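The following pair of complexes shares a single chain, chain A, combined with chain B in the former and chain C in the latter.
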Partner chain A sequence: MDIVRLAARSLYNRRYTAWLTLLSIALGVALMLGVEKVRLGAKTSFANTLSGADLIVGARSGAIPLLLYSVFRIGNATNNIDWQSYQAIAHYPAVRWTIPLSLGDSHRGFRVLGTNRDYFEHYRYARQRPLEFSAGQPFDDVYDAVLGADVADKLGYRLGQSIVLSHGIDSAGLAKHDDRPFRVVGILKRTGTPVDRTVHISLAGIEAIHVDWQSGARIPGAAVSAEQARAMDLTPRTLTAFLIGLDSKRHVFSMQRAINEYRPEPLLAILPGVTLQELWDMMSVAENALLGVSVGVVVSSLLGLLTVILAGLHERRREMAILRSVGATPWHIVTLLVTEATLLASCGVLCGVGLLYLLLWIAQPVIESHWGLYIVIAPPTGREFILMALTVGAGCLAGLLPAWLAYRYSLADGMTVRV
Partner chain B sequence: MKPTAPHPPDAPAASGAAILRLDQVRFRWPRQTRDILDIPHFTVDSRERVFIKGRSGSGKTTLLNLLTGITQPREGTVTILGTALNALSGTRRDAFRAEHIGFIFQLFNLIPYLPLVGNVTLPCRFSAARRRKALERSATLEQEARRLLSRLELDIDALERRPVAELSVGQQQRVAAARALIGAPELIIADEPTSALDTDTRQAFLRLLLQEAQAQGTTVLLVSHDASLETVFDRAVALETLNRAGTPP
Partner chain C sequence: MFKTTPLLAGLASLCLASQPLLAAEETVHQHGAHVHGVAQLNVVLEDGRLDMEFTTPAANIVGFEHPPRTAEEHQALSKTIGVLNAPGQLFSLPSAAACRNTETVVDASMLGHETHDQDTKEDEHPDDAHHHEDGHHGSERHAEIHADYSFQCSAPEKLDVIDVLIFQYFPATQEIEVQRIGPQGQGGQKLTAKAARLTL
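Let's turn to the complex of A and B:
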């Protein structure tokens, strides 16, 4: 017996309500799987951003803010650290390398990072991958800049082009360092991390554009030309943070303690992996709430499905009697209704998945450029398959109630059909 | 009873004998306090065309429920083609009905979401035997449905594309008759199939149904409150004379 064909025809007969139900299930499923995708995307892209550094050191504040502003370019440092402190710690015996980080300027919405050439040597992302150049080389001169892949792509920059940096990182009403243009000398290959959206210059470059600035504004009448600045002492006075690579992992905790107890100024050293885990723990509440809401949407759409089938049931008593008269067993009737519900739910899930991938395909570049979150468009994960299967299962279960009622009806009615 | 069409070879041995037999059957619906049916004895011979008349509420539809095995008598046995229905499990009873009985309701016989031909071939989805018998007559089920419909003088080509709910009542009843006839079941049971038709259509419908049933050797049992129908049947019985329970007030 091709009950499935019968069920499909019956649904087609009520195609408008069926479509609406299907749509609401699809939306719920797309939302639920979307939340899941974004969660996963956030996790992998965060986890892939930094690898290889044993410690991150910044001014004493929260561990999570330090991680966010130093590595992910989210938020701002409230305090800087002294160049002397950096120098002192960089010379501790267990330290193999350091990468100084100086943040605070921007270029057309992209953050500017002041650092040194060790950055290109020691920075690692994903599984210990080093940075590579798609064109040019690391900065050498004070006014040299190295662009992340996105910066070059979005703004259409080439090697040799000159660019002007802005003071501060808010997009509106920025004061420009227009008297000290920088020259693009290198473009990095895409990494899928915030590096792609960063303009890298030397620490000396950062100093040079700020020599005649004080507390966020140009000192009136103290104009210093780019060439004059070059001749000045461009040793930085402060840093935002720095990364440390140690000779051996064994020293991580003693080193962390040493830095946290550093006398001359209050510093904070964090283990990136541990802090990232803290961040996840903090986010898991929000994550679960989000997943809960989206599951709620799916459940309510399944209730909609139940309503549609139940509402049609009474007027279908005659149909049931006809089916019984041609030899359908009460179980056929049950199967018919459960199949209808399951068909609707599975088509809803399929459409939801389709909708999700369509939306991802559209939204991926937008999400990436706005939030720096790279969401991989990959086939559903095991967990997502489980969520889908649960939805279909719940739809099937929702069909059981009308099916049971129809079973009762068809036993009670027999051929006595009331119109 | 006139022997016309050859008897289907696989039919249970009931030729000439009773195709249907009620013995000491008593029945009441769940919330009823007294029996609505109490039939000591009733038989229908193979290929006989029997008319049972009874006024509204006398239990005609209830009787047909028992004959098709949809409901079970409280006492007594219903035997069809030598098989006591109460000896079968529910599923076997449903399968038995699919195979041996065609049923026509008073009204609204068709499943709205199936096409016209799909409505006719419906029993063949539930019974392999009827499917096989239908395919003995025509190359495909669809062709057999079309053959029966044209025998019942329904202009299938003009109507086929329309949703079945748009057919006139007379047309719907012909489709229902074709559905009951397809795959040559041994017994057709009809519950007031003509009560919504006007007099002319009624006569035409009955004539075609009985003619086609006779052609394939099918026994017909029809119940109605309309005594004017009895002339076209071999035998007419009043339910009141069969039923000792009498009619509830």
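Let's turn to the complex of A and C:
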């Protein structure tokens, strides 16, 4: 214990270099653990977004893009699928439920999703959790809208309020569907998934706001009032994608094949869980690169620690000699230096963890609102503890080299040092 | 992801709804990917029943993709079909799970080989004819072999891994893309000769 106190005092004596070393270790550790947290956060929030759907069907493109645009609202569809194909597949005997998805419009930066009431009944997230309403109910009328928790929170919307949707995903909202306002009839409870950032309206609603639009602009002189639109045939002609739930998992693969070989239209059916796995496999290269870089930062900060101790060693030969003169054995000197290194590394790790949680606490809402990534502020995981322990261990190891040199000096120097 | 594979038993019912459309036979050209060296394995475990569907380019396991012409080719094909008909050799299941092979269907019709299995009913393969066509039309001279296996397990909770021994019998197989559905949900895996253990 005396050695620890002595090491701490000695560090205090050189507090400026010690602080800087500690800071660089702390930054490295915060970066390394932060990469780890974001990786885990991304995985969980992706994995929790969709549960219970056996297949996702969209126009034939890539499996990963289909998963990203249909479920995570990342990117856009290259093609839409025909309503007839949807109807045909939805009536296959093995199909228990389907959820149609029609994307492409937005409301003040939030995506608008056209769907039907099956969405509220069959959509599951996390571990088979259904969607719940914090207020109101599912849409009924053509011009009804159900808001995700974030939409309602951020924009301060309440039930009964009327909102105007924008054409396309342009948040500047140059092309507005201002002639057909929607009424908020329901607000969903928070799910921690992209659902929170979605405005849900019926497929008929999507059709209704586009009846007098052509080629991305309103047809001049062809104004159809909201009430006239209501009377028109609002059966959609196309969909972006749809989700399928089957009676038995056993039918998943034959259904997937049937859809992939569907003659009238080239379609793609994916198993969301399998595609998510593919996405992780693809991302693992980037993940490892990020982790590698952050480990590199930790290593270089530990090298900094080594440099600081080594550089100080020469100046401290007198200190060592005095310690020896008051009865310290060479082994005491070794322990002192290793303790100093370990102390610096452990304090660095602790400060790094503190810094990380502080940053997470500040950045979490920002990350969530900008990227929809909900990073859980939870105690460090086993893997993170291992990374921390490795850092302290490496710090302790880094102390061994100066300790060995000091041991050599203290044996040779005796009291004859002149600094 | 997309594969041209023969439709399976049970699909007959699924396809009924689209039959009129199929009959219209629009001129949509659809060509599935066919990569030599890569095979697909679909695995479903539900209610104690384990189903596995193995689809592979014939080149991977027979060495050619046309109906056998020489005596050697005939011999190679029947040897391959013999191995595919022995799921006990191709898959090693944990003995604790107590799984019993209940059905095996090997379909090499794209190589002009007649399917003859004890449990197969003719009406379960309504689209064999159409696939036959698929395999030979145009310049697409690719053929696939398809095998279905069913197991009934009395302790399915013990079935956590499956060792896939296909690589040992068919070394031309470089990679098997697995899609699996088990108690843990859906997942994907890529198996190679060095990492041939499938986790459910």
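Following the convention adopted for this analysis, the second predicted complex is superposed on the first by the 416 of 419 C-alpha atoms of A that agree within 3 Å, B and C clash if a C-alpha of one lies under 4 Å from a C-alpha of the other, contacts with A are read in each partner's own complex, and residues count from 1 in each chain.
Basically, a contact is a pair of C-beta atoms (placed from the backbone, for glycine too) under 8 Å apart; a residue touches a chain by one contact, two chains touch by 3 or more.
What you see is a predicted model; the values in this text were computed from it and never measured.
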item: Overlay on chain A: chain C relative to chain B, clash or fit; value: fit
item: Which of chain B and chain C A:325 touches, first, second, both or neither; value: first
item: Chain B versus chain C as contact partner of A:9, first or second or both or neither; value: first
item: Which of chain B and chain C A:285 touches, first, second, both or neither; value: neither
item: Partner chain in contact with A:366 - chain B first, chain C second, else both or neither; value: neither
item: Spatial angle chain C-chain A-chain B, Cα centroids [nearest 10 degrees]; value: 120
item: Touched chain A residues, chain B compared with chain C; value: C
item: Minimum Cα separation, chain C to chain B, after superposition on A (Å); value: 55
item: Interface residues, chain C side, partner chain A - complex; value: 1-5, 7-8, 10-11, 13-18, 21-22, 24-26, 28, 30, 32, 42, 44, 46, 49, 51, 53, 179-181, 185-190
item: Interfacial residue positions of chain A with respect to chain B in the complex; value: 1-2, 6, 9-10, 12-13, 318-319, 321-332, 412, 414-417, 419
item: Chain A to chain C touching residues, read off their complex; value: 51, 60, 62-63, 88, 91-94, 248-255, 257-258, 260-266, 268, 270-275, 277-278, 281
item: Residue ranges of chain B touching chain A (in the complex, touch as defined); value: 30, 61-62, 64-65, 68, 70-71, 90-91, 94-95, 97-99, 103, 105, 107-114, 118, 122-123, 125-127, 179, 191
